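In what comes next, chain A is part of two complexes: it sits with chain B in the first one and with chain C in the second one.
== the complex of A and B ==
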């Protein structure tokens, strides 16, 4: 099974190379890989249906209990078949759909990479491996949604999807780690096999919430559903594959996988049922008010995902049977419908159902396929969708849960019938209506049709022989979800009973609603203000808040004043260390001081040099004084027999002085910019640090927390490391990894200095103010801020950079300085103030580029 | 900024720089048993080049060094990393020191070892990093 995943990745690697020679035919070749895998997985059906579980063990990091072990049971087999089976048709479809697109090879690579990741996700037995694949699907999904990266809308939708799913992924990681800590293993099989009751564990609630956050964001559950309709900016094969058939079901998969272990918990039932029902209703409602074919399908996907979650929440055996059947039915008809919607879009030039009509004459096959798939969506016999819907209603009725769920399910069913009718009838019947000319609309190439044909046929066949499909495919999956062998069967005819009645009612009401759909939609516009305040608003609010906090903290903490940084760092250090010091240890003053004369002299020089550095009025003087401080320290090292330290100190000091002298010429002339009050404040801070360090040194002499390691090093320096210089032995042998890290840091520092000196304003940090704004809601620029011509930009730049004006500003600040102490900060940062208008103009210039870029 | 040095500096540098460089190599090699080592030796060598730089200017110093100091950083890091692998090949933990003593005729024993290779890496990185900064600063001034 590891090989199966690997093969897909290898195919992805080979694609660019094949593409050079075979162009769009590469996709057809690549379709062979998932096709072969589908057959391979299909050969396991009898084994798995017999109740066996296939485990392929493979170690990855045994020390951390992380393995590549893969498990094939009913649930993963059903998913694997869906991933590889639909993947085959998607690859074929994409070959024709993106024919002639120069970026098609990139598309295929990412699509295959996604396929491999998704397959890995459903096969993985280890929670960490599962998480790795989980994140890989998020990343590949991001790249696929943003495939048309020239379009700002696609980029924004891609980023939104990424942020929502990856934020959930972070929560998921925390949840998985907690789960493993509670169950004592990262292996899902072992967790499911554990007899410990996790529900009693104190971490249980936190773990559950984290897990659910991950699953809900991935599977677009309310209130995180908003990213999925936006993800329809992706090319249609992606929407069909990732955003209906496979990836969005990853969250559902995880929930189903953990159902046997966590399903007992009351919290699980409540959360899954209520969020599932809410998602189902939201999806159905939003679908009814959409007119874009892909949006209709996307919202009905959300509805289906909600239904699946609800079924897991209900948790009865019937619900488990319904879950697997519904999942399979949905993947079959929704994958087909998306591909067909893509065909309509491709051929007729629009996806808006209100702009389409009468296409059945030009697209007879497409129209038939859509009609059959829509029957399955609406749950009308003899399609498999009907079987699934009957089971759903049965599971709902068998549940002792609140009656509001009945209402939710019924309303959603009615809406779905309406949606299905809209999709099946609107574009194909009535008077001809399409953006393209009638004569130019014709059936698409075979490669695009083969997927829908096969999937629709499967829906039909599965509906006619549900018993067989149930026995071989969905019931083993239900067994895996339930954790035991469920009693039940799939059938088209359950007899005259309540579910059938409800089904009939929903179909009738749905059709009536379809009759008045246009008027109904008009009525619903009343709700627009509320819908606009939906969860997506919350998302934008959150993103705005992040930017606002970042801006605020940059302005206050990172204000560019070196002294501010130092003061903050130093005061935090003094506060925390001083607090620990005073609360934990006592200072003892009881040692006798006997200084030798030469020590006294050294210390006196040190102190005198330090004072001189503080009070001197010349830069060179202060550099020299600091040098004197450094050399005195080196002298102290040597006096206390640490020659290595002494030598290093002298050398570093020398080079520091040299470097300082070199930069001295670049600094403005020496001037007093701080007021007396500020100087006193700085002096206090300095004294605090000095005192703290002194106390620290005294305590290190006084208190011995641990056995010093120097004894070990002295003892073993020659025997183990064959060196008598312990300092060097520590550097290159005992702690060589530290040194290795340090020389890398040194190299980076040198590169940093080099980059700063060879400064290039065009690429300087902060010059691109437009970077990262994709996460925010689109802002309407005021008319006065929009610049329409290059001359205008130039003019504005000249105005902003007016040297006389900037100088005047400085003078004004300097004058304020004398009046008010607090103003002096402004004087220090005045150069930053001056930059700001200029930045705005850069911003507008970028806007301008953005706008100009669009049409091209 | 750098004017040609005085005659004293000029003369002193020509004699001091080779000596200082030689001394840095000496420090590097004795480092394992006596005060010294890659870091100190690197600083001494950097000091030597800086003295040369102050006397003759950046361009001449670049000629003297032959290698761009930026490349020196890379070479140093690479050599440092190289010393990691012998232990891994032996199946021992990362960075475990390996020793290859060689007896020279005359009874002197030379101990070649991965710590020595590592120290040479440190030496080159330190020289490279310091000289990158100093030369960049000087050149920025001369421009």
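== the complex of A and C ==
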């Protein structure tokens, strides 16, 4: 079975290569893969119908209890047959539908990848594996819905579908992990077989809600149903496949899969019944007021998904039988109807039923197929849809305590009959009406018709011999959902009973409603304001809110003001560390001061210089104060047994002061921008930090938690490393890698400094040698010297030759003087003239000047 | 000695943070330098301060005689001093460059030039 999934992915990989040689015929070849798999799965029908469960074990990540084990039982088998069977026809259909589209290979790759993911999803036994496939279907369906990526509408719909399903997927992951934690295993088979009462577990409610969020978003249950109709922006094969037969059924599959374990919970019953019934009614109602064929079908799909959820919620044995039958019936007729709607759209040029009419003369076969499929949708004998609907009504009646559901089911049944009539009659009967000319409308290629024909025939055959289909396909699935062997059978004729009567009533009322459909829709426009305020508005509101919150928190937290960042960081540090310090530790004030006078003087100079550096208004004063700080630190190092540190500090401090003197005086003098209040606030923050640091030192000096590791280094410095200066030995030997890193950092800093001094982005490429240095003012190229094109380079070369020929030597001395003037001007006023006119020879002369000046 | 040093280091930290909170970018650099000095002293102080016993091994001996100052913090600080200088040189040149292009030394005005 693992192979079955892999084969599809493999086919997806091969597609681009095949497409180069065989163009749209690739789709027909690729259809062979799911076709073969359908047959392979079909050979398992007798085995599974006999009550066997096929398990193919394969370890994936045993340490994490994640396996690639696959299980084939009645439910998986039915899904696998639908996925591969309908997938075959979709591939054929897509081959013709997208003929000549250069992106068809991309379409096929994603379609096959989706098929593989879906198959993996229904076969996986491990919750994590299931989740991986679940997300893969979300991602591949995103790419399929957004296939026409030039269309903004398609992109928007694809993103909406992705966000809704993936957000649900996130909740699902949490739910699955909780489920596994509760049941003690990630294997579905083991979870279903567990004897532990999960309902009593404290995590149960949270787990259930997370699971349902995942399943409901995927299966477009109210209030997440809005993404499904929008996803109709996808090409028709995608709608037919993803949004009728497979992807949206993934959520239903998951619910059905876990039904045996969770179905006994009261919360499960209530949530599934109420959301299912609500979805069913919403779907039916929205379908009745739509005129777009694909929208009609999409909303009726939502209705069907709601019905399936409702049946799982009811949870009786009859409901389980009805569930499997309804699922099969829906996949068969809905897949066909979507493909047929695509044909109508393709041939007649419109999907709006009010713009179509009388097409039966041009599309006789299509019209017939639509009529039969619609009969199944409406639940009229002898189609399989009727069998399913009878069972649904029977299950509903068997559920005594949800009387409101009767009303919902009846209203939905009536509406769905109307919808079926609209789909079957409007485009094909009456006077001819279509955007295209009548003579140009003709039946589509065979490849597009194969799928609908087979699916409609299956609906018909299954309706005529429901017992056989039930025995081999749907009842094993019902058994898997129920968790035990259900007593029941599928039949066209259940005798004269209440379900039959209700069925008759709904058909009659539905047909009456069809007669007044146009007027009815007009009346419904009154409700438009309410519908516009539906859940989709919530989605857009939510998306806007995300952007708004992101903007707000960016403005607030990431406001670009480094001082705010610093203040926040520092205050958090003081708050958290200070709190821990005060609550966890006792401060020992060890004022045992053992001090010499010269030490006190040094420390006093240090502190005084630091404070002076803060309060001085003169740049020179602050540099001098920094020098004093640095040299005091060096002195402290020397006084307390660290001669190496002292030497290094003195060297570095000398360099620092030179650097500061060089650079600081090229910057404007200190300005006093802050108000007194800001100063006081910052001073308070700074003193808080200072106090905390002081307390921390006071605590650490007395505490020695571990033996210092330097004991080893002191002992072995000479014996191992032949060095008498232990600090040096540590640097170049014991911790040589640290030093290497340090050298690397310095080299990087040097490169950065060099780059910033040498390279000037404002000048043209290749003219870096014109750029200024730190010591000398920067020179900018005049606009006329910046090269914009090859012709200009050529022109410039000619000019240069002329200048040299004309005696550049003559004006070099004069230019040098000019430059010196510029220098002093720059240094004095810090003025900056971007467009200072300079000719080429002046620049080259200046360059030499810089090179000479640099070493000083 | 340590309590006095603790107060001194605390004050240096305060001075450093205060300078880093100023709007003038030059003051930020001064703050950065104070901070690196303060951090070095922090490590130096909390390791314990020893007078007149540098971690050196006399000629002819294999280990130093008597107790010497802990060499490991010294090695760490030595690295830190050099790195701090690298950072400072980079920061100073960066500021110089930024000032040349933006013509302001006010950090709050610099933040609006991202785009």
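In this text, the second predicted complex is superposed on the first by the 600 of 856 C-alpha atoms of A that agree within 3 Å, B and C clash if a C-alpha of one lies under 4 Å from a C-alpha of the other, contacts with A are read in each partner's own complex, and residues count from 1 in each chain.
The rule is short, and it goes like this: a contact is a pair of C-beta atoms (placed from the backbone, for glycine too) under 8 Å apart; a residue touches a chain by one contact, two chains touch by 3 or more.
Just so it is clear, the model here is predicted, and its values are computed rather than measured.
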item: Which superposed partner A:562 touches (first chain B, second chain C, both, neither); value: second
item: Partner chain in contact with A:714 - chain B first, chain C second, else both or neither; value: second
item: Which superposed partner A:724 touches (first chain B, second chain C, both, neither); value: both
item: Contacts of A:749 with chain B and chain C, given as first, second, both or neither; value: both
item: First (chain B), second (chain C), both or neither touched by A:614; value: second
item: First (chain B), second (chain C), both or neither touched by A:685; value: second
item: Touched partner set for A:435, first chain B, second chain C, both or neither; value: neither
item: Winner by number of chain A residues touched, once chain B and chain C are compared; value: C
item: Which of chain B and chain C A:739 touches, first, second, both or neither; value: both
item: Touching partner for A:658 - first (chain B), second (chain C), both, neither; value: first
item: Chain C-contacting residues of chain A that also contact chain B; value: 643-644, 648, 652, 655, 659, 663, 666, 723-725, 727, 731, 739, 746, 749-750, 753, 757
item: Touch list for chain C against partner chain A, complex; value: 1-30, 33-34, 37-38, 40-42, 44-46, 48-59, 61-64, 68-72, 74-75, 77-79, 81-90, 92-97, 99-101, 103, 105-108, 111-112, 114
item: Interfacial residue positions of chain A with respect to chain B in the complex; value: 643-644, 647-648, 651-652, 654-655, 658-659, 662-663, 665-666, 721-725, 727-729, 731-733, 736-737, 739-740, 743-744, 746-747, 749-751, 753-754, 757-758
item: Touching residues (chain side chain B, partner chain A) in the complex; value: 1, 31-40, 43-44, 46-47, 50, 70, 73-74, 76-77, 80-81, 84, 94-95, 97, 99, 111, 113, 115, 118-119, 121-122, 125-126, 128-130, 132-134, 136-138, 140-141
item: Residues of chain A that touch chain C when the two form their complex; value: 559-563, 566-567, 570, 589-595, 599-600, 603, 606-607, 610-611, 613-614, 619, 622, 626, 629-630, 633, 636-637, 639-645, 648-649, 652, 655-656, 659-660, 663-664, 666-668, 670-671, 673-674, 682-683, 685-687, 689-694, 696-698, 700-701, 708-710, 713-715, 717-719, 723-727, 730-731, 735, 738-739, 742, 745-746, 748-750, 752-753, 756-757, 762, 774, 778, 832
